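Next, two complexes with chain A in common: one pairs it with chain B, the other with chain C.
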Partner chain A sequence: MSTHLKSTPPHVPASQTTGQKSDTASIIYTGVIVNRNPIITRTPTAFERAYYAYHSRIERALHNPFPSEFYFKSGSIIEGQFEKEEKVREREAFGRPVRRVEEWRRKLHEKNTAKTEKKPKAEARIVIPGGVPQPMPREHEADRTGDVHSLDRNGERNVYLLVKSKDEKGKEVWRFPQGAVEGDELLHEAVIRDLRSEYGTGMDTWVVSRNPIGVYRSGSSPSSSPAKAPVFFYKAHIIQGQVRPDGKQVLDFAWLTKQEIKPRTESDYWAGVKDLLSDF
Partner chain B sequence: MSAAAQVARGTSTGRRFTAKLIKPLTRPLRKDRNRLPIPHVHIVVRDTHQCRLLEHYHTTLRDNLMYMSYVHEPHGRKPMRPIRPKFDPEDPYVKHRFNPPIGPPAWVRTPMPPVTPENIVQLECIQLHMMVKESITSKSNLLGPIMAFRAISGESERAGGRHTVEGVKIVKGKKAIGGWVKKGLATGVKVDIRGPKMYDFLGTLVNFVFPRLRQFDGIPMPNASVSLETPSAASGVVSFGLGPESFSMFPQIEVNQDRYPKTYGMHIHLITNAQGLGAQNRARQLLSGFQVPFSRR
Partner chain C sequence: MITPLLVLRQAKTLPLRVNQISVRYASRKENIADPRVEIIRRTLYPSTIRNRASPVGTWRPDVGRRLQKAIPSVQAHETIERAWLLHQRHIRRARLAELERKFSCMKEAMDALQQLDPRLYREANKVEDPRARSPKELEALKSLKGTEQRALESRIRGLFPRELRTPTDTPPREGWRYNFKPIIELP
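== the complex of A and B ==
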């Protein structure tokens, strides 16, 4: 959404879109970084889990008194049930109450000098009728097999689409999908057309913005003009579907995290695109 | 990198991480004026759980919002057009009168600053407000709404050592209006929710309340033809109301709905840090990223 009521779309100067295929210096490419954003939350580290547990216990210790008289009729059965469950929760949080300091010191000494782990006494548990629904496993089949084609792999990370295609010299390289701007179209229109033509029926995508998020120019190679053509990158999200390589333009594909893209791409290309990718 | 380890089992208080032998106090704690114990160390309760929406904001939304709202300004900005004042400054009758420019105030007409990675729009606060007409006759009618807001928001006064948190506040009348409201009369309740609890509340709205509302297409937004030079469009606040039928759709209330004497509706204000021309559009853009639906009238 533009803040300016009459903002103009990003316009590439006419001198660069003459569309003459023979004049290769005037070709512009648009690349697209198709992103599958994280579908599950990040796994907390052991420290984070301990931190959250610690602060949960503090919150439990310091919370404002629960207004029993509003929610329960005094002396009712359900109030008694609630109090029992609360006792169980308190015990789970803080352990059994130890009233005297000497008793605590004795128990601490026993615990520290004990050679074998004593089995704890069977604690009262809160029984939920119907059982507690268990969430789906966080690791997918694709994580175990390392299937880079799958969109379910690495659910907690941002993964990006890398395709194997032939560059201008005919060499097979791994890179983000890219295509030339044709005729007088705008850059974002070129991206949408390119995505539709290469993956149209198989994949639903959403291009995030009308303006590009970055530009890449292969700098250091000798003066052959196709190498100098700029590639304007756009970010897109995959909504649903999957890539179907047609064997002509797209030979192979992979959904990879930022760290996995680095070894597969050339160092010059990586230096140009690495800042467009998320570390999460 | 292989994916996650198994999630820790046990309660949120972490049975595995509990020091089972907590040293007992040798002396009882001092009590404050509400007869609640004062801890012997200064404690502030921080994050008690992972915040799903905040993580989504940082991994995905922030980048997208920056790309979507960036406008390339290679030639800088033109200075704002000077607006004529209300009165003619030469006119001797009004020479020393307060003479503001006509139309909306300057902060409404000021364009938003250029988008940088540091100033991307963020959700700051969610305010809930409920006007309870029956409380004018009897203040005890506020008890249900107060408990309901406590349950929904999770906020308590000075909870967790945070001395600026006010919890659920009673809204009192500012002016005396004959036959209806007196000055200082309690007329409603409100609460400000910030931090992880705010995102939890937004998640509840999106996952429980909105899907179960009948004939709800989305939060209504003004037509494209409406001018952006209004205080509401420049405030970065998205406001909407929920009727009494939505009261029982909050899971915290649904579980013991019969304990509340009546069902109530409420006003909800989602406050972001955007301000200026088009700020409300940016706020809606942000909230769409959290799956909040919007619809045209």
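== the complex of A and C ==
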């Protein structure tokens, strides 16, 4: 966190001069909430799966017949394979088709009068050389080990960057990355500079907008006077890369979901910040 | 909602065939050059005579029977639909409440900024035009070479970057890209 003071603004706002030290009151901090978007879609609940299965079955009952002659050459191997698979699926959905009595009698007659042993038909199947490529599993190794540095963990959810750094009193706290505004720069420019300087150039981020998404004012307790400096939070997304902390200001980092952030932060800070995060 | 269901419910005597229009598709009986063309013609322009279910038609002779096989009962089906809509309503309300909370935080921040520093507030409220380029960027563009110029032009303020990935059912094969080296230092 830079201790460079903000240069005097063109006009000092009237609501500023509550504290004795007017120079600390003119510091503005910008924090950034870096979000890694979900990588995979959400797992459907049991109710959703049941509902989709129910509607798939209705669709199977009511859909228009498949235009087999358009998609397959009549009599081809792949057409036979498809029809076999379709029969299995139809049977799974609706059970075996009910045969009429005459048809049953005819089949039985044929079976009884068949003299010769029927040779089993050669199973014609289409084989893809090298096998069909399998998709990656939804659960990553980082989910099993619980590695909070990893950006592959909790692929379904939004994870946010939380860092451990020293606050003004020298205490090590877990909080969102924060920095002071230097010189005449604008708030979003301060955020971009702060991200690059302290978290290395190994992180490709995108700060979404020019305006802040939230403000946090520490010092709900009247005893802490210099802690009235407001922190304006900005939203950013990480696109690729990883945090490379310099170890001086930033001691440790973690990519956490909203529920995991709560126990790590101070209750005062959490109350000011929780509405900025996504629930899932 | 499935309209044959409602039809069944309203009147059992209502025929499932209505408006019998018979229009035959055009077919050339003289010289059929390529059977594939005939197949395509039949698929694109099916017969509208309702004697059979067809791939593009919306009519089946046995709709009622098939529906009876597919759903347990009309009441059960409607209960399931209502449960689903209720479930969707819960999800929607939760989502809107979350957005409401986020928006009120944003409003609070902007009000605080306005009280604190009007200049910063004015700058924060400016709408970013994706087509505009600051004079700093124009200078930088002149001095850089090909790939770097393209890198500078790719990230446009006011638009989201195209490298943002949409969620898929399974993660990418290589996982997250941890090794990133920026081509140029973006302003």
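Structural remarks
Operating definition for what follows: the second predicted complex is superposed on the first by the 194 of 280 C-alpha atoms of A that agree within 3 Å, B and C clash if a C-alpha of one lies under 4 Å from a C-alpha of the other, contacts with A are read in each partner's own complex, and residues count from 1 in each chain.
We take it that a residue touches a chain if its C-beta (ideal position, glycine included) is under 8 Å from a C-beta of that chain, and two chains touch if they have at least 3 such contacts.
Bear in mind that the values here come from a model prediction, so they are computed numbers and not experimental data.
When the shared chain is aligned, chain B and chain C each come close enough to touch A:278. Touch criterion not met for A:113: it reaches neither chain B nor chain C. Of the two partner chains, chain B and chain C are each touched by A:62. Applying the stated contact rule after C-alpha superposition, one finds that A:267 touches neither chain B nor chain C. In the superposition on chain A, contact is made by A:98 with chain B only, not with chain C. By the touch criterion stated above, A:49 is placed in contact with chain B alone, chain C being left untouched. Contact with chain B, but none with chain C, is seen for A:143 once the two complexes are overlaid on the shared chain.
Once chain A of one complex is fitted onto chain A of the other, the partner contacts of A:89 are limited to chain B, with no touch recorded for chain C. Of the two partner chains, chain C is the only one that A:239 touches; chain B does not reach it. Residue overlap on chain A between the chain B contacts of one complex and the chain C contacts of the other covers 10, 37-38, 40-41, 48, 51, 54, 57-58, 60-62, 64-65, 67, 70, 94, 135, 138, 140, 155-156, 208-209, 211, 213, 278.
Residue ranges on chain B touching chain A, taken from their complex, read 1-8, 10-24, 26, 36, 39, 43, 45-50, 52, 55-56, 58-60, 63-64, 67-72, 111-112, 143, 147, 156-157, 159-161, 228, 256, 259, 276-278, 281-282, 284-285. Residue ranges of chain C in contact with chain A, taken from their complex: 2, 4, 39-40, 42-43, 53-58, 60, 63, 66-67, 69-71, 80, 83-84, 87, 94, 98, 101-102, 104-106, 108-110, 112-113, 115-120, 123-126, 128, 155, 160-161, 163-165, 167-173, 175-182, 185.
Those residues of chain A that touch chain C in the shared complex are 9-11, 13, 15-16, 28, 37-41, 47-48, 51, 54, 57-58, 60-62, 64-67, 69-70, 94, 135-138, 140, 150-152, 155-156, 186-188, 196, 201-204, 206, 208-215, 217, 230, 232-233, 237, 239-242, 275-276, 278-279.
Partner chain B is touched in their complex by these residues of chain A: 1-5, 7, 10, 35, 37-38, 40-44, 48-65, 67, 70-71, 89, 92-101, 104, 107-108, 111, 135, 138-140, 143, 153-156, 158, 208-209, 211, 213, 235, 257, 259, 278, 280.
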